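The two complexes that follow have subunit A in common; it is paired with subunit B in the first and with subunit C in the second.
Here is the complex of A and B:
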């Protein structure tokens, strides 16, 4: 089980680092074993930063991330390698995930050199073949090729196959289908669902697309400007969205039977710096906000079983 | 299923390298001059600095490249000069490239405090008036060899290379394949040299070419003001002597053209090789 507890990431920006940019503030949630949790948010909401912090690619400013009870920020050397044996990530852009001057299957060779140095050729080849087949690729067609000779979908499956070589328990899937064709998207998505069923894999599914989150996950976390505004079981969240931001997102999902001219959403957000009040104050519909919203940031409160929201209207 | 072996990778690289015409031509010219520098000095009985025959003779069967105003054998000077020019270029350019690459890669990949310190060092060396320092150092040493000269030249020439490589490393380290390597448990040092550096291979080679050429020119400058090797010969020294003794005005082309043409041909060949290597290193530029 992966658990985030009060995780924040602050960047120093401006001349001489005089200003602070809160990319992620005080985020807490957990991903139980064998579950898919969607992390949903718009660009700049900090969702990728959270994924990178879980993968130890970006250091945490404050708070803790623990995996099976162990604080991951202290892992070094062999312990860190052991962590990567269990936790892996797949990123948004399959093309930049490969070093362009080497063949694509070099990612497997690196895994072999680092994690299975003593393994015999035959055993390794069998293992590689199994994991390529698990992601629906024909080894004969895709090995020994350069990244630009393979399609985005193939490259993305390669990355998943690479993670599978390691018997992972947890996968961070950061926008992994946003750069794929619509036809290959559903295949990759179903592949993730299969892996969850067959291997008991936990997945943190990072996306900006609400419908994808609904399709694949049991739980969803809605992120706005680095803060969790609403989270809970996918059914509850999607059927009774409470936070104005979530409701706005729901209304913005394109639908086949509706023309997109009179959407009741206000997308004009002013980019002012809010330090104390509600993060959503600028974009919140006038009717719903009060003077209190500007001065106090509402905490995440439980409104029903498995459903939390951070809005002053739901505070007792 | 063929699991790639490092040996196969190398042979494939060699295959594309040998198929590339630009690379072959450049390499051919370079090897020609290199062999000349190695073998040439053995083919003449004259020492480059002794007065071997009548002065200002055009090329003949006795003096292949003619003689200087003082009757020195130009061929002998050229062959020995080529040798020391290669030594200065290789050692000076090599040191300049090596220091620049290591500092640039480390500063760029590590960032933060390491970057601040290395960048400060780079900027300090960059603004030092290199030539004056070289003159002072050269003037302090009573006995100077080509080796000392090359080392000094190399140690003052690296900063611009370090800066350029640092900037390139900055852009490469945020690429996702670097993240992927980190998630594979690779050490920072290996990531720098096996993921980031190969992407800059052709650029690193260009750096070496420029450092090579720069070292030769720096050496020629030092030679000209009398602070070069106390005993020896170089192409730069030949050219400067020729200009000093008005070879151009007196029509003694044989004294001027060989060293000038050799420097131009060597540096030109390296440039052509660079373009060819770019194609070899970057599969996207290859004509399949």
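Here is the complex of A and C:
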């Protein structure tokens, strides 16, 4: 189980690093074993930063991320390598994840050199074949090719296969299908769901697309400007969204079964920085906010079973 | 009829031969119609859009006839098209966010563009300001450099700029795909607003996101590998498609309310053919579950019901 507890990331910006940018503030949630949790947010909400912190590609400013009870920021050397045997990531752009000079299957060779130095050729080839078959690729068709000879969907599956070589328990999937075409993206999504079923893989599915989040996950976390504004089971979030931001988001998603209602989308006031008070204050409808919202940041409170929201209107 | 396209064929010249990106496209867009043009990447939708306004090498005009408001567009002639561009036909390009000159203040750049078309900036200014209000941009942007604006603001600025001379046809190429969900909605609704206010007569919205089209388009045209597959009203395409490709494409889209554990959606097996040497006949043949020997001939794009065009032999057979 992966657990985030009060995780924050602050970047120093400005000419002399005198200003602070709160990319992620005080985020806590957990991903239970064998579950898919969607992390949903618009650009700049900090969703990718969270994924990178879980993978230890970006250091944490404060708070802890623990995996099966162990604080991951303390891991060093062999222990860190062990962590990577269990936790891996796949990213948005499959085309830039490869070095175009080398053949695409070089990514497998690197894994072998790093993690399985003693393994015999035959055993390794069997393992690789199983892994490729698990992601629905025919090894004979895809091995020994350059990245430009493979399609985006194939390259993305390659990266998932690479992660599977390591018997992982946790996968960070950061916008992995937003670059794929409509006819192939659903296959990659189904693949993730199947891996969850067959291997008990836990997945943090980072996306900006709400319908994809609903399709694949039982739980979702909605981020806005680095803060969790609402989280809980996807059914509750989608059917009875409570936070004004989530409600606006649900109303703005283009759907195939329903036309947009006349909800005004506020375009102004998206730029200003907010340090105290509710992060959504300047976009929140006047009628719903109070003077208190500007000074106090509402904590995440439970409103019903499996449904948390951070809005002053639900604080008791 | 606002726009009529007949047998438009456009190839890309490459060292290894012609890429047959657009083959025999025949369709019309009526006055006041918002037509969505959808398909996967590489299906020729952007080629179709660009060929109507700026057919530049390596694009090569093969044949076809395009008329806009009963006037033939010389799309093969870069020079003669200058008379039509911006005034009669305009485009919001895919790279709208980088489309403005970074070394000029936006107001000055606008003035230069207008002068190049012999239109007075001073006389247009009140209308320009009115339109900036419509897209919720402050008048100060005219004194700013493009770098001072956010991506969404630049996009809206380009929208105003492209439609300033009230063109007959506006081509919007993937303008919502780089935007956040909430901005996306606002921009899409602004496009409809432009049509309703008469800034543009008709619109061609190119996108890969069919759910956006469902919200704003009157009709949708689906392309596959350079060929037109189907065109019909939005309701018909979404709820009652006839071409097997459209059916599978619509069926593969996740919707809010559909969960993997309850209803597993299926993708389309295989991948689109390379257009350097495309298969003969219907180009969807190899991925099509209902293909038969007739499909080795190219199916014509036929109106099977009023306003509903399909290019599929199987459909013609069951209809005959």
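Assume the second predicted complex is superposed on the first by the 304 of 316 C-alpha atoms of A that agree within 3 Å, B and C clash if a C-alpha of one lies under 4 Å from a C-alpha of the other, contacts with A are read in each partner's own complex, and residues count from 1 in each chain.
The rule is simple: a contact is a pair of C-beta atoms (placed from the backbone, for glycine too) under 8 Å apart; a residue touches a chain by one contact, two chains touch by 3 or more.
Owing to the predicted nature of the structure, the values given are computational and were not obtained by experimental measurement.
**Student:** If you stack the two complexes on chain A, which partner ends up touching A:291: first (subunit B), second (subunit C), both, or neither?
**Tutor:** After superposing on A, A:291 lies clear of both subunit B and subunit C.
**Student:** By the touch definition at the top of the document, which applies to A:210: first (subunit B), second (subunit C), both, or neither?
**Tutor:** second
**Student:** After lining up the shared chain so the two structures overlap, which partner does A:121 touch, if you call subunit B first and subunit C second: first, second, both or neither?
**Tutor:** first
**Student:** Would you sort A:101 into first (subunit B), second (subunit C), both or neither based on which partner it touches?
**Tutor:** In the superposition, A:101 touches subunit B alone.
**Student:** Check the residue A:109 against both partner chains and state whether it touches subunit B (first), subunit C (second), both, or neither.
**Tutor:** first
**Student:** Show which residues of subunit A lie in contact with subunit B when the two form their complex.
**Tutor:** 52, 55-57, 80-81, 84, 88-89, 91, 93, 96-103, 105-107, 109-111, 114-115, 121, 124-125, 128-129, 139-140, 143-144, 146, 148, 159, 162
**Student:** Spell out the residues on subunit C that touch subunit A in their complex, using ranges where they run on.
**Tutor:** Going by the criterion above, the answer is residues 40-41, 136, 150, 152, 180-186, 188-189, 208-212, 214-215, 238, 248-250, 252-261, 264-268, 271.
**Student:** Which residues of subunit B touch subunit A in the complex?
**Tutor:** 1-4, 175-177, 179-186, 195, 198-199, 201, 281-284
**Student:** Mind listing the subunit A positions that touch subunit C in their complex?
**Tutor:** Within the complex, subunit A contacts subunit C at residues 42-43, 151, 153, 181-187, 189-190, 193, 208, 210-212, 214-216, 234, 238, 248-250, 252-257, 259-260, 265, 267-268, 270-271.
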